[in-house]
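By letter and in written order, the chains are A, B, C, D and E; residue numbering begins at 1 in each of them.
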Amino acid sequence: MISELPILSLITFSPLIGIIILALLPRGSSRWLRVTAIGTAILPLLLSLWLYADYDSAKDGKPYEEQVTWVDTHFDRLSDGASNSLSFKLQYHMGIDGLSLPLLLLTTIVALMAALASVHIKKRWKSFYIWFLLLEIGMMGVFMARDVILFFVFFEMTLIPMFFLIGIWGYMGREKAANRFLIYNGIGSAIMLIAFVLLISTAGFSIESESVQFFSGSYDVIKANLMDPQAAVNAASAWNGNYGNLFMSESMHWTIFILLLIAFGIKLPIFPFHTWMLRVHTEAPPSIVMIHSGILLKMGAYGLLRFGIILFPEQAHEWATVLAVLGVINILYGAVLAFVQKEFKLVLAYSSISHMGIVLLGIASLNEIGLQGAMIQLVSHGLISALLFLIVGSLYERTGTTELGELGGLARSMPFMSGVLLTAGMASLGLPGLSGFIGEFLSLLGLFESMRILTAVAVLGVILTAVYVLRSVLAITFGPMQEKYVALRDARLIEAVPMIALVAFIVLIGIFPAVLTEPMKHGFDTLLQQLSGKVGG
Amino acid sequence: MEKYINNYVIVAIFIVLGILLPVVALTVGRMLRPNKPNEEKKTTYESGNEPVGEGQVRFNVRYYLFALMFVIFDIETVFLYPWAVAYNQLGLFVLVEMAIFVSLLLIGLIYAWKKKVLTWNSI
Amino acid sequence: MQVVQQQLQPFTWSDAAYLAPEWILIVVAIALVILDLAMPRRMNRTVIGWLTLGGLLTSLGFVIWRLIDMKGAPLPEGVNAQLGNTIRLFGDSYRIDGFSSLMKIIFLAAAVLIVLISIGTVRSKEIPNKGEFYYLLLPAVVGAMVMVSSSDLITLYVGLELLSITTYILVGMRKYIVQSAEAAFKYVVTGGISSALLLFGISYFYGASGSTNLGQIGMKAAQAGDLTPLMYVGFFFVLAGFGIKIAAAPFHLWAADVYQGAPTPISAFLGVISKAAALAVLFRIVQNVGLLGSYTKPIADDVNLAVLIMAAAAMIAGTTAALRQHNMKRLLALSGVANAGYLLVPVGLGLSGLHTYVGEFIFYLVVYLFMNIGAFAVLSVISKAAGHEELKGFGGLYYRAPWTAVATIVFVLSLAGLPITGGFFGKLFILLGAAQAQNYWIVPIMVVTSVISYYFYFGIIRQMFMRSTGDDQEIAVPGTTGIVIWLSAAAVVALGVMPGAVMDFVYKYFSIAADMLFLYL
Amino acid sequence: MGTWLDETLTWGNALIFFLWGVILLAIVLGFVTYAIYFERKVIGWMQLRIGPNRVGPLGLLQTVADILKLLIKEDTIPRKADRMLFILAPALAYVPAFAVLAVIPYTQDLYFADINVGLLYYVALSGISTIAIVIGGWSSNNKYALLGGMRSAAQMISYEVPLVISVVGVVMMTGSLNLRIIGEQQGNWFWEWNFLPQIIGFVVFIIAAVSELNRTPFDLPEAESELVAGYHVEYSGFRFAFFMLTEYVYVYAIAALTTVLFLGGWHAPAPFLDFVPGIIWFLLKFSCIVFFLFWLRATMPRIRVDQLMGFGWKVLLPLAILNVFITALYLELFIKG
Amino acid sequence: MLSSYLMVAAILFCIGLYGALVKKNAVIVLLCIELMLNAVNLNLVAFSKYGVGASLTGQMFTLFTIAIAAAEAAVGIAILIALFRARGTVNVDDYDEMRR
């Protein structure tokens, strides 16, 4: 039944309803605006949960595919026969599989939580929520797009709302942060666009029939062509000799792979490209950092997996060590710097870098366990960092600071929030039973199969994590408390609900990781087959 | 061809003669006439007064407007002449074409007229 | 396939009917001149603006009607469908074909929008002769139309000068503002140099082929191998001449000054119509050599490379120079330089055996039309309210005119090439074309300059949403200008959502063989 | 003349051409000398004076004496003048005036250059004199001279337009710009000459021509009462003489041109008068025009500058254009069939 | 024969271009542009006489060029006069109203 509905589009575009209602509401009524926004954010969550319930991993998301031709241009060609027409085909192609489903769920959950957490926003609610919902559309679209151009469109759709959300509702240095965000990510997506354009023009060629040939950005077409390039070249040459040479050479493979690595590396962020995200973490409003740290960073990893690793397994395999080394650098660098930060938001920012390093490790392992670990780590870190920034936002609202030195002993005035903070910290450092552990463990386990020394070094980083997390969390919750913090209120209901929900999800994954691994089961099958085939042969 | 060259040789000769006459006359004159310049003689004439200010005063922009009109209508004749020469061999449509062309210019004239370019009210 | 040596046919009344769009504009212009003269001095000249608009719309109607009629007309016996349906007048010196009609639609649409902006925002205080302002636009548009329709270099030159000379005057229309006269003078000088360069190049084309007909030049030059050096010289100068007209680097230095001094609608006119006309003609000339290229490959390759280098230079120079601008018009001028670069890419890709990139070109041109004119419309509203054209005039626009601010976001996103606007697809199509033609080096230049341009485009957004001028008075948007703003914004979004429609339209009416290579069977 | 023109150019032929040129120059100079004399005489008679009568019998040597006087007069150049241009101007004025004479035919066989674009040549060269006048006025660095020069230029260019357009009708009827052919094609009866069929053109031409000559009633550039002497205020001695010479050479040229274009050239007014040689007819018509010019000077007052400009642009130019189209229609309807 | 014409034209053109770009007097700049256009005319006429398919087209083109160049010059000088009245100078270097 559900597969008869265009469920993916419904999920993606359900926030549009909210946007329309918001546009019609008057500017001043903060209450109604907020209710509308939260109500709208529930919609995709419910739909995606329904999808999750209906999802059968054995079918690998096939029933839900939606495919509509978007652009189909028939070029006028200088030729004698009318038969060999050529077109550029762009499709609205949405699909879901084991890779996307967990991240989609993560998106809808975190987005709702962030909507709830946006009580901290004090001005211009209307446009805030409109941008917010647009951002959500973009994020969900990214995880479901099956056409590279469509992917890019959604990817960019997250960029613009973020610029506004940071630039208007951020803290003191918001404009600079927004700018830096824009330029860095702009460069990232530009590189991605270059890679996609090269992909389309070299591997996007498809012969549908004698008279219909086209270039397209279809993921399936590109994947098929890349998996068996010789067949594609033969077919194209048979049709018209000129086209044979269009197909990719080895060097083109490498060019595209490295471009993709850089593009998604900026988003992830991989070590030298990370500076922009620190600023965003400190300057953006808390609910936006929840989204940013919880989801946007994951888009980088997702992209790397879907386009970098799956399309170019050979290159990925050759560069596995490089990836792993980058991962380890991320872990250590993030952890060490997190350790010395005096500002809690920066601690969390560096910890994000560190955790993303673990994802990189999982990816670099290129085996099922590692990849699953990476995926779980993505979801888990999304939830944890969302939770942490939710708390940060609440703290800041009450105390006006996030400096570790100025906070302390808050456990006494707000026990509930401190407890949640502690739980989140534990999850973050990978306490068994909480989600963080599963991700880290599986990733490291995966990597251990191929690169033992690096794994050992990485574990060192994980230990460092425990140190800095505990140091900062304890500095906030325990120790001497300043006088002015005595009368602080504990979490309000609207804050408590998302906190509890997030904690619940963290615990759920920690105890019962199968909620994620089950749909993922077949997600990597083709990749792994290909890997073993290619690398073995 | 001979005729063609000869004709222009004549033209050249006329031009040369035109140049020679002033040159010769002025050279002869130089031998005959007295030459006793003094400062008084060399002042600019201004009705017997001491000259005031610059001689090359800024003149009315109206002169420029006339020059502009001249350019436009003179160019018109550039196109009118070949047309006129060949008129007897051309069809009715050419007449219409020229009528359009000229009427466009006439509209320009009317424009200038209306904008009071042709009314001379100073100098 | 061959270029037919057509005898000079007498001009007939049906030929005149083919020229209806041009006639109408000229007749309306003349009628308006007379009307303006006859009208009492104190009467408001806005009515002339409306009549101008009417003339443009009528002409547009005729162009579209002709385009459809031409496609539907039965072909003569034995004529290849790819080659037929071109109307050739005046001994094949004037062509009405798919490409020229499409371009004419663009010019006329742009002119309509520009007139609408003017009706809303032109002030008599700045431009005392409002009537002249309106009716001078018409011959300028006719000039552009003649340019794209001409298949003979003489006709081309006449059209070009008709366009140029009228725009020289239009730039200087702000009579009491020194900048305006200065801009006009600079434009005259650069324009004059540009026509001289162009003509010099053309004279070499003529020398190398003995003809001024584009099709003939292509054919003859392909046969006469030893005259290739002449063709090279010709191309060098023609490229430079058009380079100035389209403000492509390194010939772009005039653009910022001239745009700044000109009345805002005229800046839009220069940015869209003048540029598009020159680009379209350049496209034709370069493509024509594509045919030549099939015989003597190097010249086509070299010319294409030169165009691409010019394009790259324009993108880089335009974007980097725009980073420093605080004046909105200068910024848009330099953004126009960069856009000229993007538009030059499909021109320079050549006939790479796959297809021409005319669809990409026209699509981006349409997008550019709407986003640029939209931006100028917003600017004209704001400069009217603020009294200046500095970037800071946009400060706090969100509070003063929220919907206009929203529309401006659309234009800015499109200019920056971000989805889901037409600008994104325009650039994407061009990128894909470049990659298909295996000109990989131009791809990163295009993309990276786009990203650099975010900095100044988003600077506008920063002003609108994150700053404030302290003046919270609402800005009244004049009705007609508002129409332009919303029409353009809607068009930009529509092009971003359904880009295929325009591309289909273009390729339905366009034929390489007939429109670009002037072949005829 | 025609025989030599058809021969190959040799130094001998060139010498012959040169001699012919010198002869013409002598004739022209003689004409100028006595034109001035007769002008003064005619005006004198018309104003019931005697005119020059002291030098030589009947004052015949008066002009010769004037020329000699100018020749031995001191030549002053103002300190502030632009020396180079000041010296150049009179010569520049004179050269085209003489050069245009090259294309004027006198009879069927007596002509100098037989150029196909003769009329255009005349129009083009005569335009150069305007520049000379402006240069003269400007280089004097004198307010009167400058104003005189500018006025003169404005006037000359204003009337050049109707002048040039008024002959288009003639060109259309003839189908040639060659002055010899134009003269030749006019019929043997005087009503077949161009001045009747082209009456509008003729009138416009004459008026414009008088104005081009800067003669009364259009002698504003030299308006003594306003501008002292116009553009040549600062000129003295023989340089001044060259401006005067130019003026009278143009009188010669215009008179000859009018004769050729409109008055049938060397044709007799009726076929039975053919026994009189063509050159006599030519000279007769030529003299009539010259006389007409003197007559005008004696009778007409000088018009105002606004009238001058207005008349040229608002009356003569439309009339000239009208003439072109009337001619075109006439040819279309009655001649071309 | 042809090449000498072309050479003269090219030299004229270069002089014109040089002047148009370098000269300080605005009037001279305009004149230099005319010079460039006349170089083109020379080219066209030379090609029309001695070029490959020698034809009258070149001369016709010249006619058009002359006419249009006149119009361009007229407009150019009109604008220059307007500018001169506003700024009181014909020195191109002083036309820097927009660089301030």
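One rule holds for everything that comes next: contacts are C-beta pairs under 8 Å (C-beta built on N, C-alpha and C of every residue); 3 or more make two chains touch, one makes a residue touch a chain.
Just so you know, these numbers come straight off a predicted model, no measurement behind them.
Trainee: Chains in contact with chain A and with chain C: which ones?
Mentor: Both chain A and chain C are touched by no common chain, going by the contact rule given at the top.
Trainee: Any idea whether B-D or B-E has more C-beta pairs in contact?
Mentor: Comparing B-D with B-E, the pair joined by more C-beta contacts is B-D.
Trainee: Based on CA centres, what chain would you say lies at the far end from chain E?
Mentor: Of all the other chains, the one whose centre lies farthest from chain E is A.
Trainee: Averaging each chain's C-alpha atoms to get its centre, pick out the one most distant from chain D.
Mentor: When every chain centre is compared against chain D, the largest gap points to A.
Trainee: Averaging the CA atoms per chain, pick out the one whose centre lands closest to the mean of every protein CA shown.
Mentor: C
Trainee: Round to the nearest whole Å and give the separation of the Cα centres of chain A and chain D.
Mentor: Centres of chain A and chain D (C-alpha means) sit 93 Å apart.
Trainee: Using mean CA coordinates as chain centres, what's the chain B-chain E distance in Å?
Mentor: Averaging C-alpha atoms per chain gives centres 21 Å apart.
Trainee: Please work out the Cα centroid separation of chain C and chain D, and write it as a whole number of Å.
Mentor: It comes to 52 Å between the two C-alpha centres.
Trainee: Rounded to the nearest whole Å, what is the centre-to-centre distance of chain B and chain C, using the mean of the C-alpha atoms as each centre?
Mentor: Result: the chain centres lie 41 Å from each other.
Trainee: Two or more other chains in contact with one residue: find those residues in chain B.
Mentor: Not one residue in chain B touches at least two other chains.
Trainee: Give me the residues of chain A that touch two or more other chains.
Mentor: Counting only residues that touch two or more other chains, chain A contributes none.
Trainee: Could you tell me which residues belong to chain E and also touch two or more other chains?
Mentor: 71
Trainee: For this structure, give each pair of chains that are touching.
Mentor: A-C, B-C, B-D, B-E, C-E
Trainee: In their shared complex, at which residues does chain B touch chain C?
Mentor: Going by the criterion above, the answer is residues 91, 93, 104, 107, 110-111, 114-115.
Trainee: Flag every residue of chain C that touches chain A in the complex, lowest number first.
Mentor: Residue positions touching the partner: 82, 351, 353-356, 358-359, 413, 418-420, 424-425, 428-429, 431-432, 434-436, 438, 440, 443-444, 447-448, 450-451, 454-455, 458, 461-462, 465-466, 499-500, 503-504, 507, 510-513, 517.
Trainee: Can you name the residues of chain D that touch chain B in the complex?
Mentor: 4-9, 13-14, 17-18, 20-22, 25, 71-81, 90-91, 94-99, 101-103, 112-115, 120-121, 123, 138, 140-147, 150-151, 153-154, 157-158, 160-161, 164-165, 168-169, 171-172, 175-177, 228, 233-234, 237-239, 241-242, 305-306, 308-310, 313-314, 317-318, 321, 324-325, 328-329, 331-332, 335-336
Trainee: Give every residue of chain B touching chain E within the complex, in rising order.
Mentor: Spelled out, the residues of chain B in touch with chain E are 61, 64, 68, 71-72, 75, 78-79.
Trainee: Write out the stretch or stretches of chain E touching chain C in their complex.
Mentor: 6, 9, 13, 16-17, 20-21, 26, 29-30, 33, 36-37, 39-40, 43-44, 46-48, 51-55, 57-58, 60-61, 64-65, 68, 71-72, 75-76, 79-80, 82-83, 86-87, 95, 97-99
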